[in-house]
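Both of the next two complexes hold subunit A, though its partner changes from subunit B to subunit C.
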Partner chain A sequence: MGMFKTTEEFEKVIVGFFQLVGNTPIIADKLLESKMVIRFTYTDPDLVVVVDCAGEKTEVRPHDTETKAVVEMTMSSDIAHRFWFGMVNLTKALTRKEMVAKGPIPKVLKLLPAIKPSYAMYPQYLDANGFGQYNITKAYTPPTA
Partner chain B sequence: MLPDFFEFYNPTKVVYEAGVATDLKPELDIIGIKKYFIVSDHVINNLGFVQKVADGLAEAGCEVTGVYLEVKQDARLNDVKLCLAQAQASGAEGLISIGGGSVIDTAKAVNILLSEGGDLVDDYSGAHTLTRPLKPHVVIPTTAGTGSEVTMISVIYDEDNKEKLAFVDKFLLPNLAVLDPEMTLSLPPKLTAATGMDALTHAVEAYVGTQNSPVSDAFAEGAIRLIMQHLVNATKDGSDVEARGGQLIAATMAGIAFSHSMVGCIHGMAHATGALYRVPHGVANGILLPFGLEYNFDEIAEKLARLAPVMGEDCCGLSDEEAARLVIAAIRKLSGQLNELGALPLRLRDVGVPEDGLAAIAEGAVNDGSSFYNPREVDAEELLPYLQNAY
Partner chain C sequence: MGGYAGQILYVNLTSGAIEKKPLDMDFARKHIGGLGFGATIYLDLIKNHPVDFDPLSELNPFVLMTGPLTGMKMNGVARWTVCSKSPLTGFYGDSNVGGFFGAQLKFAGYDGIVITGKAAVPSYLYINDDIVEIRTAEPYWGKDVYTVTDALKEDLKEGQKSGQALVIGPAGERMVKFASIINNKGHAAGRTGMGAVWGSKQLKAIYVNGTGKIKIAKPEALDELRAELKELYADSIGIMALHSAGTATHMDVGIIGGDIPIKNWQQTEWDDIDDIGPTVIEEKIFAGHKTCFGCGVACKKSAEVKEGPFQMEKGPGPEYETIATFGSMCLNSNIESIAKANEICNRYGMDTITCGSTIAFAIECFENGLITEKDTDGLRLTWGNSDAIVKMTEKIGKQEGFGAILSLGSAKAADHIGGIARDFLTTVKGLEAPMHDPRSAHGYGLAYAVSPRGACHEASLTFEAEGGLIFIPEIPELSADLPEGSEDRAQLNVACQDYGMFFSNCAIFCNLGGSPLNATQAIDMVNHVTGFDYTLDEILKIGRRLWYLKRGLTNLFGARAKDDRLPNRLMTVLEAGPTEGSVPDMDRMLAEFYELRGFNAEGVPEKQILESVGLPELAGLLHL
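This part shows the complex of A and B:
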């Protein structure tokens, strides 16, 4: 069992974060420049999210299995979660098949410097949106009754 | 300092001997199949190499079900499709590629579809998309540079969409790499020099790159030592079997090193130079290697310094910075010798790159996947002065 117990729980966290990133100009401008359409297929719990940067603004579409993506990324929700803290060595994750990337890898690699600022945003986002229990950068204190 | 994590995986059996390409029975018996399809090109065929290997296969009790010779410079998607159709129709159980990087990369891509079916681009482009071993693939390199005989990478040019597709998968690693220096004796001096500098660039970038490990370092150092020993001699006298052998082994060791540690901005610039101005990959790497090291200098000086003794330089009493500068000077000295012996170009202006094209090369390098692994962040504006120096 991964850190997220249900798809709904994980969806709230990851989709909300993608929307935040998509609305953050320093990152969004680079994403839109790339024209990338990426489908993330998560397991444990299962969730599909498309991040579409082909238009004028970044669109985040959960459960979109129809759009033809340029790149398909498959990973567990835990790996995705750790990735957004900047804690995943991409080469290691790809080599060990913790992530599978289908499509033009250089285009994905090119985006990595652009999304670097999001690593600092993720724990702040979790804390600010009631998802503090998932912030693995601090010791978790359960809420008191 | 040790890396947090590294993986080393090289299941490719390597055999080395002058003449071994025509005497592979023991290795082929272990692989166990009998029907091989040969992938090569007309140059190699005209040199008689394809027939020699085919004769050796017959003596080993194996059948050549067909031969594809249309591979061009830069492995191309259309060639993959044509070659696949012939290999499939021939009933091949495995592939033998005889040639340089384009031939080997073509055969790797053909093997994906021959083994698994499907669409190469839609189903398999990317990293580690395969789930099981492919059909046997035997590689006989005829250049000493790409190291493709021991890498998990195939790069295929999609002519219709004008883009290079990367396939990275451990199942692309060939079963057998046959290092036969007699297969490289006919390489002309310029190509010998350029492919040798390609191998040197693989080794040096793997050594100083962000993904290096003690294991990849050992292969990189070994490759560099052999190149410093043999490249000048191989360029000077193409019939020097010892020097040819040294270069073949060095290219393979450099291939093992960079297949694990990746390459950096020098390859990024070389890829852009090749794409924009059709400069051969080894030539571009040879020109750009010292300048790329200078771009990275502050980040790599300490590590680069360790190559000074490997390259035969006396660095006693020198600081890391001084020893690292000695390494770059040694590379420039080697390039100079190769320029005299093999007409290896030393400047971008000598290979048809216009001065106003340098900014586009810098941009291309930034956008190249290799640059992700560069020790210093690759910034077009900051890279441009180094390209101007290389001009």
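This part shows the complex of A and C:
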């Protein structure tokens, strides 16, 4: 069992974060320039999310298994979670198939500089949206009644 | 038997004697090739003489060796090796290089060349299959690598076919301590100053033209393996990234975890980092893909700067290490200037890691008032001053003014500058550290500390294993999921040294182009080509023996435990960034490593250890 116990909980966290990233101009502008459509297939718990940058604004669509994606990325929810903290050794994760990517990989790698600001945003987003228990950069203090 | 050309060429530049000796196949089986041959032959040549000879004297032999796979049309096997006593460090030095020279040498019928003595006049070695001659290099002496490479190919071509030239530039002639030897203008045997050894021997170049072929012992089995590997390579994201953007890809990936040194290792974050990353490289300087012999990975990139102060003609582009040393290390965000500095290093024949790191060191000295514009011939060596960085690179190549001081390397320059200059050093055993921060992966710290040639990320496979580029399921230490920190890094380093000596020193796989291979595939490839029947256990034993041999050579030249330390700069805790608060526990790792390797307190392998791995002569020399 990973850090997230249910699909619903992971969906709330990751979809909300993707929407935040998609609405942050410094990142979104570069994502939209790429015209990339990426499908993330997560395991443990299972979830599919499409991030569609092909239009005028970034769209985040959970459970979208129909759209033809340019890039397909598969990983566990824990790896995804740690990635957005900047804590995943990307080279190792790809070599060891902890992350599997299909599609024009060089184009995906070119997005790494664009999403760099999101590593600092993720823990702040978790804290600000009631997901503080998932913020692994600090000791968690449960909210008092 | 297959894979080998079958002869080793011995050239005495003092007497002019040239001898072709048949390769003993028992020797080949025992040492595989590359530095397995090179370091063994080198020890044999120096063992009966006092070892305190000047690396720039005629007493210092130079050994160039290919491996059994060099010349095969396969990914990641074009490489060959050189070794000698290093003019930069004073210890054992070696270098590993790709390109086309090694393949051509084997087609001419030689597995390697052993050079001794010193020529009376500037000379080059001419090899055209069976014809081997020492010729005058007067027309080429004083000229840069690009000019001489083109001239030799033009002057010596037969019909439309040119051979391969291996050349030193003016830096090598002047014995700049980190001079390199360069094939095809951009494939450099860069580290540890082997070009200065050539300069001291008045050897300007080796030109080789070969028309032979290398036999494959089991061609059907090799074809089957090739088919299997074709799919493996097609699916490898690392290979895709290397093909697309080359090693510069690491600018985007390495910055996430704090691997890229910035401002002479004082920080791991920098707002301008993307200005020297692969996207900007593609926009501003990219001019095409290049490769080594027979390799489809094609990780090399050409560069061109069409106008402006850093204009340069199309030629080899800067790789990751060069981009970092002349870029992030100097807070220089001008990619054209980095391409220009790279071109100057190639033309003069200088190692870009040492050169760029030495300039970053000098900038810090300047910023701290240890040197002024009076010392630097009017150049304002300040952070990010791309114009001054490029000009200083050229002054180093010419040994002009302050460039002559920096041409000694940063460690000796620090002695000259004095004051707190040594605090800014990033050297181990006198060799400047490569652009991978041990605070992001502690095992690198131990790898740098105990590497026989000084701080180096390619002296074993620790960088590839801990960094995640390779995964070797047959070897537990190279497939373990290690916790963060320094735990188990001594075991990791030992395994990476033993397997690495086989992989990239003896069989001479490219650490990048060969990265998708597991041990079974790598060993099978060597077996199918040579006809030998190596097992994993046997290649690890051979690798272990070579590692002790290289370590012993460095010990023989005086290295001791005090030389196995990281400089303070690399051990300084950073207060921000991905590696915040992290430094390698060197005391723990070194103690564990010394125990595992059977070193005494002085850092010398115990006599019985050396005897047990098959190095009794070395044991006798180190334990009189």
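Here, the second predicted complex is superposed on the first by the 142 of 145 C-alpha atoms of A that agree within 3 Å, B and C clash if a C-alpha of one lies under 4 Å from a C-alpha of the other, contacts with A are read in each partner's own complex, and residues count from 1 in each chain.
Here is the rule we go by: a contact is a pair of C-beta atoms (placed from the backbone, for glycine too) under 8 Å apart; a residue touches a chain by one contact, two chains touch by 3 or more.
Quantities reported herein were computed from a predicted structural model and do not represent experimental measurements.
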item	value
Fit-or-clash call for subunit B and subunit C when the two complexes are aligned on subunit A	clash
Subunit B versus subunit C as contact partner of A:G103, first or second or both or neither	first
Which of subunit B and subunit C A:G86 touches, first, second, both or neither	second
Subunit B versus subunit C as contact partner of A:T95, first or second or both or neither	both
Contacts of A:P113 with subunit B and subunit C, given as first, second, both or neither	both
Clash with subunit C (superposed arrangement) - responsible stretch of subunit B out of 43-51, 115-123 or 223-231	223-231
Overlapping contact positions on subunit A, where the subunit C interface meets the subunit B interface	89, 91-92, 94-96, 101, 105-106, 109-110, 112-113
Residues of subunit C defined as touching subunit A within the complex	237-238, 240-241, 244-245, 249, 252-253, 255-257, 273-274, 277-279, 467-471, 515, 578
Contacting residues of subunit B [partner subunit A, same complex]	4-5, 7, 123-129, 163, 165-166, 168, 211, 262, 366-369, 372-373, 377
Touching residues on subunit A, where the partner in the complex is subunit B	71-72, 89, 91-92, 94-97, 100-106, 109-110, 112-113
Partner subunit C, residues of subunit A touching it in the complex	86, 89-96, 101, 105-106, 109-110, 112-113, 116, 119
